[in-house]
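Common to both upcoming complexes is chain A, partnered first by chain B, then by chain C.
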Partner chain A sequence: MSIDALRRRRTARVVDAAVWGVPAITVAALAWLLADVVWHGAGQIDLAFLTTAPRSAGRAGGIAPMLVSTAIVVAIAVAVALPLAVGTAVLLVEVLPPSASAGRWIRRSLDILAGMPSIVFGLFGNLVFCTMLGMGFSLLSGGLTLACMVLPILMRAAEESLRGVPDGCRRGALALGMPRHRAITAVILPCGMPGIIDGLTLGVGRAMAETAALVFTSGYVDRMPSALTDSGRTLAVHVFDLSMNVTGGDRWAYATALVLIGLLLVTAGLLSLASRFLQRKGAHKP
Partner chain B sequence: MTSISSRRPAERLFVTGLGLCGAAASLTIVAVIGVTTVEATPALSVAGPQAFLTDDGWFPLSGRFGLMPMILGTVLVSLGGLALAGPMGIVSAVFCNHYAPAAVATAYRLLLKALAGIPSVVYGLWGLVTLVPLIAAWAPPGASLLAGILVLALMILPTVAVVADSAIQQLPPALHRGGAALGMRRHTIAFRVVVPAARSGLATALVLALGRALGETMALLMVTGNLVQYPSSLFDPVRTLAANIALEMAYAQDIHRSALFVSGLVLALLVAAALVVAEVLAPDGTRHVD
Partner chain C sequence: MPLRRTLVAALTAACLFPPLAGAAETAKLTVTGASTLAPLVSEIAHRFENANPGVRIDVQTGGSSRGVADVRRGIADIGMVSRVLKPDEDDLTVNIVARDGVGMIVNTANPVDPLSRDQVIGIYTGRITNWSQIGGPDRPITVVNKAEGRSTLDIFLEHVQLKPTDVKAHIVIGDNEQGVKVVAGNPWAIGYVSIGTAEYHAQAGTPVRLMALGPVVATTGNVANGTYGAARPLNLVTAKPPEGVAARFIAYSQSPAVHDLIHDQYFVPAPR
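Take a look at the complex of A and B:
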């Protein structure tokens, strides 16, 4: 074998090793991070941790108020953003002609919104919801801020999903003499629902994980909220506060982080089950 | 809006409702930028826009508004993170499409999704508790530009990988087959044929990841040490623009608060610039979901 061929074979081997090395490093990094969270956090988690209020700034007690606050803030965000997002997507796909410049502008504005850093949403939410609209530091302010943040995620997913609905569905509905708004609500939206729910998975995940946009909108009062106008600390904000502001809070921060990751996984799992169920149900339709 | 839609009152109401949704959705970004600008105006008019670039030091209460160390800190952390995550993300995409068996590629794509779904505050916690002490043992103080770069690289890797993956998937299969027919080895096809052919999609991936990096707040706040200074080495602490806002919003009043909105505006403009570049670079017909 010539030296040239040997050299070429060696190059091939080096490049191949490098290509396999990158995913290996990525897997190792993710494993390290998750192992760390489980290792430091799992010991603190029991039923009492999930059902009691924190004591001593979070170094004892549990995270029940944070679980409730997180659920409320995310629910507000979804309740506000989902109808807007689906409405906009229907407008883009079903009403406006594909070449309409209005559609292009709506899409572009949401693309820019999607790129805005979360801290900018925090500034915006603090100014508009907390100060101008007088809601103060509250779950409502936090939820509305997150609604602005997840709106583009939900809209894109809904738009792509509606575009994927076969034209046969549309023509069939119209051929049955349905007015167009009935065709949309009774046929086209149900067909697009699995994709909308997939978008919801992304949006809810993003909302549950958010910290920067919430610190100055929903605030960090760690009591159990009793109204939407109360300030409430979400799980992610709790992790942040414990690790940065509470000495000896690391283990509790890890425990909270572990609960947060678990909750993210459960939510994503449930929503993807729902999406798959609807897809299978939809498959029976012509 | 076709003629049918305007004939029936119910239909007209429905379409009006949809129009309002669209208007509200697209006006959100206008409100975000507009409100931020209005709130930034007092500081901009008191100090003058150039003060934010030329003043030495960030002491807003004594009228010194120099954002330059923080802009530089933001850009250095972001470019450093991108220097690591960029090549790794592109190689990840090549791996999924040309090296890995189908099952491995599926598993690896799932893993990238998991990486993207981990909250940034968890990355920050891990960086603070695990990475920073490791760096401190080597070169104190630990909380540094380097810690920021490492954590950020891990966070933006999925962005690069996912967008690069879809860019490579969109290439015509003939490209790969042609290379194989010429007797090229796998790595030659991957890096001499596929990567150059996908370059505009890959560039988009890098720019989108850069946008994401510039705006990252909490994870960086937790690991970079937050000293307002020009770093002289990788081991020096820095403060990013986003971290600065998060740190000082809690107590900022009047002109100081307004100055923070100026830095928010600068940040928004940096990110918007990255997005515009991404749109210019994007190959026709691709849309990105992050």
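Take a look at the complex of A and C:
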């Protein structure tokens, strides 16, 4: 074998190693993180932890109020942001011509919004929702602040997804005599739904994990909320408080973080199931 | 004017019999400020709510300065401030609830005692790296520092007049418990923790020894009476002298009824 061939083979091996090594590092980082949280947190978790209120600043009792607050805040955020995002995406892709300057402006401003540090959203939400609109520290303020934060993520995903819908679908729908709005709701949106749901998974993940935007809006109160106008502490804020402000709170912070990660995985799983279901339903449509 | 007279009579009665007026009240207090104090005040609030049905106390965080600003703007009834008030904040009424002090800890196997402030600065800036340089055995020093954002880090840095970037640490830790564990497991490590935590562990038999940061002996007693320097007050402030539920809540926070909660947070109750 020539030296040249040997060298080529060695190069190939190095490239092979790199190609497999880089993704291995990515997976290892996730595995390490998960193992760390499971190792430190799993011991505290039982049914009582999930169903009772915290005591002793979170070092006893459970996280039931935080679970409820998190669910409410994220639900408000999605309920407000999703229609806005899909509506904007339809406007950009289906209504406006691709070269329209309005579209460019909308896209540009959403990109800036997406790059904004979350503490800025927190201060904005505190000023606008809590103070100016008089909602005070409340789940409503928190949910609306999160809605502003996840809007660009949802919008971008919806836009990309609608752009990916083959033009044949549009033409076909119009050729069948469907009015434009019917083509959008019956053909284009169902085709784009998997992409929209992918964006939703990202957005919900970001919303669930948020602390900085929520400390100043939905707040710190660890009581079970009884109204949308009540202040309520989310899981992520609870983790932050336990690890930064409560001596001896680290184990409980890990346990809460583990529940949060579990919740994220379950949500992502459910959304992916929903996506598959919708696709199948869409396929059967005449 | 019979209406006015009735009102005056009712108000007088309310003032004369505050317990009666208090029994039927429904009130909401908003408390904002230092995140160091927030867990403690939340716990005190839960206990106060249980003892006073109808009262609701919402505790929010955001830092001492926010507590001061919110009380001034009337957004909050009570502010939490975890430092001495500045001269331009003398318009506020200050009520101390507890104190938080920081002491140095070393392993009980370490014979070096005492440590001067300059020696502590030398150790934490990397000028002194071996215990033999300050009269101990020939062993390298393991410097344990607190993570950014910890209140004990702030007290420590303020007391030794160092910037966070001046510190050359080998181990960076989170809470007090972790600091005690590291020093208990490493005979040649040095760290600093809340004095309440260190005293608890020294009495519980953990091999750590508490040393003063400054001339006064590091005891919770000296933190409580204010003679120990590396400490700070944990205050509840109001814009005007407190009245009604706010006054009762503050008085409750300063009463022995919550001393166990203060100890649970490793703070020291302050005498009134």
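We take it that the second predicted complex is superposed on the first by the 247 of 286 C-alpha atoms of A that agree within 3 Å, B and C clash if a C-alpha of one lies under 4 Å from a C-alpha of the other, contacts with A are read in each partner's own complex, and residues count from 1 in each chain.
As a working rule, a contact is a pair of C-beta atoms (placed from the backbone, for glycine too) under 8 Å apart; a residue touches a chain by one contact, two chains touch by 3 or more.
Keep in mind the model is a prediction, meaning the values are calculated, not measured.
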Which of chain B and chain C A:Met208 touches, first, second, both or neither: first
Contacts of A:Gly143 with chain B and chain C, given as first, second, both or neither: neither
First, second, both or neither for A:Asp222, with chain B first and chain C second: second
Contacts of A:Gly195 with chain B and chain C, given as first, second, both or neither: neither
Partner chain in contact with A:Gly62 - chain B first, chain C second, else both or neither: neither
First (chain B), second (chain C), both or neither touched by A:Leu151: first
Chain B versus chain C as contact partner of A:Leu260, first or second or both or neither: first
First (chain B), second (chain C), both or neither touched by A:Leu84: first
Which superposed partner A:Gly232 touches (first chain B, second chain C, both, neither): neither
Greater chain A contact set [chain C / chain B]: B
Residues of chain A contacting chain B in one complex and chain C in the other: 215-216, 243-244, 250
Chain A residues touching chain C - in the complex, by the definition given at the top: 56-59, 131, 137, 215-216, 219-222, 231, 241, 243-250
Residues of chain B that touch chain A when the two form their complex: 1-2, 4-5, 8, 10-11, 14-15, 17-22, 24-32, 35-36, 39, 88, 91-92, 94-95, 99-100, 108, 111-112, 114-115, 117-126, 128-130, 154, 157, 185-187, 190-191, 211, 214-218, 221-222, 242, 245-246, 249-250, 260-261, 264, 267-268, 271-272, 274-275, 279, 287, 289-290
Footprint of chain B on chain A - complex, ascending: 8, 11-12, 15-16, 18-20, 22-23, 25-27, 29-30, 32-33, 36-37, 40, 83-88, 90-92, 95-96, 102, 105-106, 109-124, 126-128, 148, 151, 153, 155-157, 160, 179-181, 184, 202, 205, 208-212, 215-216, 236-237, 239-240, 243-244, 250, 253-254, 257, 260-261, 264, 268
Chain C to chain A touching residues, read off their complex: 30, 35-36, 38-40, 42-43, 58-62, 75, 149-150, 174-178, 194, 197, 264-266
